[in-house]
């Protein structure tokens, strides 16, 4: 899409070359043929470092934009990027391209759907009602139980097991909101990458990234009814027990354990080998490895136990 | 169904005309060709105002029944209405009637099912494994991702997106219980109405009303694994984050935000522009608009933060 | 499988007869043609009572093994049993055997899948996208709504209703973990048994047992998005409200009520007629019947209310 067409769509003017824009991306990941945006003024210090070909900014931040980047000045960059994500969204399903390739020894139910440009590895078992969207890759020996849905562009590794009724790569929960409270969907044009040896339970939802990938690393085990938001990263051999959840962009290190109904807020980093008791509520990043936590607000588990003892004593006061 | 047949089924006698009863409804919504009931004595003051043709009451409440309404005196009106809901339940799927009408430009997967008497608007995209029950209406430009299930009689607006594995219009959770603890299902003969521009995530469950409609208003955004009970109403542009839930008959105003894993008890009214932090537990109606809340029990967010500080100090006591 | 082949697979030696081992089972349930294991030293006192034909033990516990049982000495019996569960897992779907038998009066959608060796009773309604695995039994008059998935070997009673997108018999969440944090799946070779008159909501997940059965007894009502772990037992007429959950091996008595988002830890026994308010967190067994509870940690409901009053007073301190 030409920058001129983008400007016309957003009803803004711009000075400079009418570049071809191939995609949208974050401030620090955008390449010279991509357009980026700055919505939180906190990040304005990174504007000079962007390699993006163009950027959506407010009048206030225009001055930080480097020379190689064309500024598009808008009232609300987040709303404007939402408008553009729709333009850059791929079709729901590819109608052109190659028929899916099915590896040798794989069983694919005639009641399953494998869309164009997808590749199924060897010795896979794809059961009835499964849907694998366009341009996906499923590794060797992977089992997709009935009615699993994999949205387009996702990648699943070898020796994975995904149980019935789970969804991989659904849209992340993203939208801009204007001053009168109306919302504009931010199309989620990234994907989900699941590495090898991962097992995922029933009715699990793992959202695709808005840009880039949501990543589930090697050997992770996920129980039923677990929610993983867009752009999360779940480290190797981590474990998420039933009904637990991660809000968007949170990263778990290796061998982290989330107990049942435990949840983490978004944009956190949790160091490896931390364990969270059932129903823990995590709102801050944790840098130290190997501790055990509980409660909401979160305490070290032994402290939480002590605190509950103190609270119980209030009954006698 | 004739009132005489109803009386026979319930093994009761009645005085008066053997009217034709066309349906069941609540005390204040029932029309003259409908039958109602009173299960909670708290509402007996409304009995004289009912327009119902007939009413299930206990011996104690018979005296409040107006002349135009025929009283059927039973031991347990709630159990008896449960018995009757089964008689008035429509078939699971219509076998008679018109084939579904598909609007122009719409894509319907051959692996989707659209039942009789349903109407799909223009430019919809109905993907593999979707089930749309009998007598549904789906508005223009709406996308149903794979394996979405819409139960019979539901209405979905224009420009909606419903993500994979979600269920619209499943039965509300209703049953009567007798003195020895046995349950009798209350068939849910209402529906779900979703207005325009609504987006619903993966594995969401929105239950149909027992009578009338569960309503999701224009522009609402719902994340994954959210539960909405029967007869709820979610106001315009409200937002429900992953794993949150509403018990039956609760009404959210406009632009209410329910954080992740937050939940509200049943029969509440929440004024517009209230925000609930993750894991809030709401047990009372809120009349004032525009506040921010947290915790369970629920406090204003700033009060909750202060309280957590006080609680933490107990560790030093 | 011959014990000699098992020993070879585990790279251990053994003294004694090269028996045929037909299956795996727990210490106290294993029969003479089955192999068992001891992973928690707490249970070593039961070793002399086992009837198993063979047992996986550490060097330390070998001395407790009775004469009729052959000891296989391994470093980590739990890891070794995990390795063996894969060998004893049945195929995902039977390819041999009888075509499914459908009872008279039953409606089975052409878009449903009923695998070999399964039996559907009379007057059932099996809707589009339903998957019933191999060797299942579905009782008379039972309704499976669209996209319900029943894994192989499960048994569902008469007059049951299972709502859309629910999964019965998915794998329990079980794996062994070695010293460097890698996991090994424990294949779940048991099943789920659902008795008569049970209603199950949308997107519910009820896991199959690792050995034996997960049991949902007569007349139970389960709301949407509920999780029931492997080897649980839910007593007659019990009720589980939306988004509640049971961890593995917990047993509820009769007429227990779990409120919305309430949850119980694993291996608990809850006496009949106990009620748990929404979001209760149960971590200990309850022997007394008929009480009402709330909170996490759990208190009697009236005590919890009193405690919340005391906590609120901290704001004034």
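Going in written order, the chains are labelled A, B and C, and every chain counts its residues from 1.
In this text, contacts are C-beta pairs under 8 Å (C-beta built on N, C-alpha and C of every residue); 3 or more make two chains touch, one makes a residue touch a chain.
None of these values were measured; they are calculated from a predicted model.
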item: Cα superposition angle of subunit A on its copy subunit B, in degrees to the nearest 5; value: 120
item: Residue-number overlap at the subunit B/subunit C interface, same or different (half cut); value: different
item: Centre distance in Å when subunit B and subunit C are each reduced to the mean of their C-alpha atoms; value: 31
item: In subunit B, residues with contacts to at least two other chains; value: 111, 129, 147, 165, 203, 225, 243, 261, 311, 314
item: Residues of subunit C that touch subunit B when the two form their complex; value: 109, 111, 125, 127-129, 143, 145-147, 161, 163-165, 199, 201-203, 219, 221, 223-225, 237, 239, 241-243, 254-255, 260-261, 273, 278-279, 308, 311-312, 314-315, 317
item: Subunit A-facing residues of subunit C, complex; value: 92-93, 111, 113, 129, 131, 147, 149, 151, 165-167, 170-171, 173, 175, 177, 181-183, 185, 203, 205, 207, 225, 227, 229, 243, 245, 247, 261, 263, 265, 281, 296-297, 303, 306-307, 310-311, 314
